[in-house]
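So that we are looking at the same thing, I have put the structure below in structure tokens.
Naming follows writing order (A, B, C and D), and every chain is counted from residue 1.
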Amino acid sequence: DVPHDTAVSGWLPRPIREVPLTGEIRLPDRALRPEGTVVRIGPATIGDGTINVFAGPCAVETREQLFASADAVAQCGVVGLRGGAFKPRTSPYSFQGLRWDGLDLLAEARERTGLPIVTEVVQPDHVERVAATADALQIGARNMQNFSLLTAAGQAGIPVVLKRGFGVTIDETLGAAEYLLNAGNDQVVICERGIRTFETATRFTLDLSAVAVFKQRSHLPVMVDPSHAAGIPSLVEPLTLAAAAVGADALLIDVHIRPEQALCDGKQAMLPTDFAQLMGKLEMLAMGIGRKMG
Amino acid sequence: DVPHDTAVSGWLPRPIREVPLTGEIRLPDRALRPEGTVVRIGPATIGDGTINVFAGPCAVETREQLFASADAVAQCGVVGLRGGAFKPRTSPYSFQGLRWDGLDLLAEARERTGLPIVTEVVQPDHVERVAATADALQIGARNMQNFSLLTAAGQAGIPVVLKRGFGVTIDETLGAAEYLLNAGNDQVVICERGIRTFETATRFTLDLSAVAVFKQRSHLPVMVDPSHAAGIPSLVEPLTLAAAAVGADALLIDVHIRPEQALCDGKQAMLPTDFAQLMGKLEMLAMGIGRKMG
Amino acid sequence: DVPHDTAVSGWLPRPIREVPLTGEIRLPDRALRPEGTVVRIGPATIGDGTINVFAGPCAVETREQLFASADAVAQCGVVGLRGGAFKPRTSPYSFQGLRWDGLDLLAEARERTGLPIVTEVVQPDHVERVAATADALQIGARNMQNFSLLTAAGQAGIPVVLKRGFGVTIDETLGAAEYLLNAGNDQVVICERGIRTFETATRFTLDLSAVAVFKQRSHLPVMVDPSHAAGIPSLVEPLTLAAAAVGADALLIDVHIRPEQALCDGKQAMLPTDFAQLMGKLEMLAMGIGRKMG
Amino acid sequence: DVPHDTAVSGWLPRPIREVPLTGEIRLPDRALRPEGTVVRIGPATIGDGTINVFAGPCAVETREQLFASADAVAQCGVVGLRGGAFKPRTSPYSFQGLRWDGLDLLAEARERTGLPIVTEVVQPDHVERVAATADALQIGARNMQNFSLLTAAGQAGIPVVLKRGFGVTIDETLGAAEYLLNAGNDQVVICERGIRTFETATRFTLDLSAVAVFKQRSHLPVMVDPSHAAGIPSLVEPLTLAAAAVGADALLIDVHIRPEQALCDGKQAMLPTDFAQLMGKLEMLAMGIGRKMG
């Protein structure tokens, strides 16, 4: 019911650009599209009521690691593969990703599994090249108020997963989404991945209330990344189930074949066997609440 | 001097008092009772895998208001009635509760509905008298590091619902629980009700990860209060479902027959009709995840 | 126009109690007393523009420890001695203070040094007895929304130092002060001691902006406790100087003769020699900004 | 490929690039240069014990506005002019700055006043052109973990003012500085401008403890921006004095000739007359603590 007759947008009517310039949230506003936006990433439809799981390793490290992880999550019924080729890291001495080689490996993994790929883009002049390969761009939490990057990503012609910054409010996140929408792209998924609080038992505090608030205020679908939020694999299962129950349209989950050897955020990755169990439970919960897996 | 021969306690072996004095969390530790503690409030059993809903008005205001609210929630299948007779309020000019008269009304409401009552106690020398009427004591978020009150409540001989302070960590909450347990009472329910963060879209940020962490670290059952956390009635339903999915043993929900006239926190209370819908959805979700309603 | 005809209170005109009951901050409002309130603790006058330092050990541990610490800070020119006889501790197994014996030792230390003493009170039924000995009561951060305690302390007839809770806003702190003022006591000092934030390099985040805001919004004098905020002795000096520069009327500083042996919060205490240096620098800064040491 | 033979760098010994790759903070470490780094912005020397004030409007709006503001702050004895030509804004509909025209106006203002200019750069491919005009680059809080931008700015050959992100820890800020230093530039000033907390009385919570911690952990000089932190002009004076007292090497202050007409963050700007008074007080305080104005 939501026509997408140009590549990704075609949605924004011209008059929208003529509205008076204020600081208000406008294009992501639920009122503009009460039925909600459906974002298509490969064959997956995010925002139509289904629960869609994207999984894979935080970073692409080797062909063997990526393919084994991709195969594992594909067998569990995910709708897409996540994997970072460019990794923004707090320290310049940490592993920064395989970069363009990593992107090529992701394309191979897509060939192999049939899964669309979501991968992060970190600077404006990379957008075109990353968009030529990826099925959806990810804007990371640290770059989500990098407005040059948002504007470039909004013009890329493919869907964008916008992660909420860990010090950024719900409304500021919608402000960042506004940059993407205003650049002509309505194929935007907002991703909650935890905020900074005083609590140190978890790496960040996953703000599941924000999922419900995003759904009330905006027509954009919402994804949840419990892996980065918790930083602890054993918390990913309960938080995934809670995210689905609170109304998330999609999940983004770190799965690694050998978490203890991961070059980036390995401590938080699930083993494929645990992930398979989680997918089974998620499907049961989905039935309970009258939703289907994507 | 603290006898352990009653139903509610009898748990703490004497040698526990002889352990060396350190600052560690000890008695709430999951390792001490891996199977978990079951807390009995009236006929309800909290901690045995069932999902138990306590509901009612934030404050007891009038006989008519309390009875109407109590009847409404009783019809929805709750296991207990909540209601505040003593209300700790940020301003001395706000309604402070009906006090002992409110407690008498709660006792009448129990007669009428058969529901056990949970109500807050605010000072040590009230504990005995409140405990003579109530089925469980509630320690409020603002008093949860009032160690004199904790010690008194721990000796009351009835179950205690301990709310996490909104600036208090998970481990400090277990430290407060330690005061209750150390006073001879193992019938303690920890209640997550939101923490203070920079996000202002919700009144507090409900920390559902904390529920999972509490369950991993401690044998005590965990309750969630989505009403006080969100401060917005429309968020109570998704947060209740998420709380159940993340593993909460119990819910504490504000229901008021006329929220707009409530003397305390009325804005956050649900209408009985909305609450009835919520209970239906919760039951469906419970089936999906293989749990039963308490 | 504001008569002070009794020892500490006598300030609140009767009509104030007849104002309509709303949740607003009223009695601490700067508008009520634009010239500011002067709080007298022993011979010290807090709120008249002078900079007043209270120092001493976090907890009274032994006669020898208390007297040596008291002598040391007395020689440095402080206006008062701090020391805890009742210690609210996160764990029931931590040292809880010498209690009434500690209070007796504080009285002896006052005899010895001539310094007025400020000490914490932790439960309502202790107020009268603590107030019979102490020169000022301290309400700790964990009890500052324990409204029964506030009401009792407000009726004690001696000044009260009200510490801001670490999860409590500026306006809620003024709400807690309202309880004290409403009980008939205008001799209230608000104490900023750090709030909970995501930053972990310091124990809490000292909110020095709050000092300026308190001074703008309220006529009550403001104290700063850099020791508990920072949790690191080497930060106490720069934070003390900053507190004076931002407009604090008083400082509360942990000094211990042997910090490494302290039974409570020892890590944060300064050595007397470092404290002496700090006092010298503070005096220089005071001259620079046209203020005098109290 | 990064030559170190110019005035601004020449610091980093070649072997530094051969140290083993770990995630530790290395180049900003105080131990590497215990005497501290002096950063030269025009004739100003930041980090040699002097107190250096940079002031001007948040955004360059018109020639008349910029020149009047620049003249006003020049007369007050500042060492540099701040002004934004590129403004990263939360909403795409807010004023985004005059961009290259604004940069040209800043160059004219430097001609006119003799003051060096500090201005923000927002994307990597702007760095070279902005650096050709500005005396120092500013990395804004929202871009401070935009590592592509940091790397580009570190290679620009002019000093960089690195603002701490409002959700970023002290150590992560030093991690961002590491990117700049590792790119061959030791002329880096860290700027504290407030963090996100639950307190809403101020726009952010200025973390003055962080200034002291930065000075202890790192050899880099530290600047404080009280204007953006507080968001309230009347708080800028006390916070500036406190920043100097806690050990800041520099201040960054919003001054606008007509704050009520400002196109960006006008509410927080000081009037030139108030700023003149502040400068007088700051000089007095500096004398008190044995420091000189830069």
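Everything below uses one rule, namely that contacts are C-beta pairs under 8 Å (C-beta built on N, C-alpha and C of every residue); 3 or more make two chains touch, one makes a residue touch a chain.
Computed from a predicted structure; not experimentally measured.
Shared contact partners of subunit C and subunit D are A, B.
Ranking B-D and A-B by contacting C-beta pairs places A-B first. Most remote from subunit B, judged by the distance between CA-atom centroids, is D.
Of all residue numbers seen at the subunit B-subunit C contact, over half occur in both copies; the interface is built from largely matching residues. Rounded to a whole number, the gap between the C-alpha centres of subunit B and subunit C is 33 angstrom. Each chain gets a centre from the mean of its Cα atoms; for subunit B and subunit D, those two points are 49 Å apart. Averaged C-alpha coordinates give centres for subunit A and subunit B that are 35 Å from one another. Residue positions 167, 195-198, 200 of subunit C are each in touch with at least two other chains.
Here subunit A touches subunit D in the complex through residues 21-26, 88-94, 122-125, 142-143, 145-149, 151, 165-168, 172, 175-176, 178-179, 182, 195-196, going by the rule given at the top.
Contacts from subunit B toward subunit D in the complex involve residues 167, 196-198, 200. Residue ranges on subunit C touching subunit D, taken from their complex, read 167, 169-171, 195-202, 205-213, 216, 229-230, 234-235, 238-239, 241-247, 281, 284-290.
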